[in-house]
Amino acid sequence: MFTITVYPRFGDLDALGHINNTVPSFWFESGRTQVLKMFDPDLKVDRKTFPLIIAHLDYDFIDQLYLTHEVQIKTWISKIGTKSFTVSHEAWQDGRLCVKGNAIIVHFDFNKQVTTPIPDDKRKLLEEQLVSG
Amino acid sequence: MFTITVYPRFGDLDALGHINNTVPSFWFESGRTQVLKMFDPDLKVDRKTFPLIIAHLDYDFIDQLYLTHEVQIKTWISKIGTKSFTVSHEAWQDGRLCVKGNAIIVHFDFNKQVTTPIPDDKRKLLEEQLVSG
Amino acid sequence: MFTITVYPRFGDLDALGHINNTVPSFWFESGRTQVLKMFDPDLKVDRKTFPLIIAHLDYDFIDQLYLTHEVQIKTWISKIGTKSFTVSHEAWQDGRLCVKGNAIIVHFDFNKQVTTPIPDDKRKLLEEQLVSG
Amino acid sequence: MFTITVYPRFGDLDALGHINNTVPSFWFESGRTQVLKMFDPDLKVDRKTFPLIIAHLDYDFIDQLYLTHEVQIKTWISKIGTKSFTVSHEAWQDGRLCVKGNAIIVHFDFNKQVTTPIPDDKRKLLEEQLVSG
């Protein structure tokens, strides 16, 4: 499991005084950087070789987030298929679970614009972070 | 059904040359403004009286979006419950359906921090935009 | 002069109930798309050939923006140098000038990572949109 | 001087493979949280009492930022006037100064919608972080 700490910013609040619901999508994307590194170790994101595309994202909002405290983002692999895998996330603030979410990521060849099987060496890296629900 | 046209911006592209997956969340939120108006006609968003909170968001990415063309955002009501309702969205670019998504919105009293039933007059406004799946 | 209409979204508001000061940077970037088209007509943004980089951005906040009305973004060229030019912007809401801003854009070769002179054909396109202060 | 570390996210990259120029505005806003705390210690951002509004923002882009490394955001007070003050920022990545910027913040009464003098106790807090250029 990967954990990072993020700092809410003033503009992340919306008019209701809590963090707007679009903001955790950014935090979870930051949390996924360690997963991207499995497939692109230097994070150079060359379009010719970068092999991942997002197929689905979901978010469940369990408790409200505020500007008052840092937020811990937990990230792990929850499912591994032949051509896709699921990354799961939680956002915690001051001991409270506030948001849960998932990203389904497909192994993809951008040149041919087709899905491709996850290579065995990458599958092993994913399995090291696999936490069964 | 509500439809708005949005303009992708240069920074909406990511390093893969397509619109980043976090961007449609902004477009769909813009599409929901007409729904918010049912509950807050002047859009003043007074924390004491604004009655809605997001419980869930999901996005399915069907085709890639680019900087080249405007995007049409379609928004409608797909389900109405006692204390919550579902807003559905689609993003279309150049005749292609690119993203589908849903927002589950709960009728909520921010002062008491509890869910509350959708009032009958608001339910009627929602029903006018109801499209059954 | 180029003009587009943009729709504020709920999350563009911050806890003070007005549009957060980071938001006009997105709108102005959308307004610049017509300028980018002078240099990259198909908006494909190929890293090997795209010739522009931002050197400076500034924003003056003159009046507050709200969720209540659409916003008109005006964009024009205010200065043309040998290797750089300035794009100026204004954001208007409901007849009020709310934000003024400038972007200094440098003609740049990303392969060699050096500034390069603006070609004559592009200079002519810029001059067509030049409005002297 | 306040320093925080921020994590670029995949979507912060634009099609040129570097961090988009709108992104440092978010990082600098995060860096200003410690300054906001001088005026709103609990960060509750109550519209009736919160006393600050942004009048000007500027950014100079000195070197390109990438996804590869964390970014250090340095924040300090560079000028204190009667009714306004200037917060300055730098973004550093891997030992390179990449962005410099300033925010001019005005002491403001949102109820009366007028500027007001900075109180003496707050001025002292600002002076503790004052670094003359």
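All chains are identified by letter, namely A, B, C and D, in their written order; residue positions are counted from 1 within each chain.
Here is the rule we go by: contacts are C-beta pairs under 8 Å (C-beta built on N, C-alpha and C of every residue); 3 or more make two chains touch, one makes a residue touch a chain.
Quick caveat: nothing in here was measured; it's all calculated off a predicted structure.
K.L.:
Hey, which pair has more contacts between C-betas, A-D or B-D?
P.N.:
Of A-D and B-D, more C-beta pairs in contact link A-D.
K.L.:
Where the centre means the average of the CA atoms, what chain is farthest from chain A?
P.N.:
C
K.L.:
Take the average of all CA coordinates in chain A, do the same for chain D, and state the distance between these two points in whole angstrom.
P.N.:
One centre to the other, that is 27 Å.
K.L.:
Starting from the mean Cα coordinates of chain B and chain D, work out the distance between those two points in Å.
P.N.:
Taking the mean C-alpha position of each chain, the two centres sit 31 Å apart.
K.L.:
Could you list the positions in chain B whose residues touch two or more of the other chains?
P.N.:
Residues 10-11, 13-15, 17, 21-22, 26, 29, 45, 67 of chain B each touch two or more of the other chains.
K.L.:
Residue numbers of chain B touching chain A in their complex, please.
P.N.:
By the definition above, chain B touches chain A via 14-17, 21-22, 25-26, 29, 45, 47, 50, 53-61, 110.
K.L.:
Where on chain A does chain C make contact in their complex?
P.N.:
Contact set of chain A toward chain C: 10-11, 13-15, 17, 20-23, 67.
K.L.:
Which of the residues in chain C end up touching chain B in this complex?
P.N.:
Chain C reaches chain B through residues 4, 6-11, 13, 17, 26, 29-30, 32-33, 36, 42-45, 66-68.
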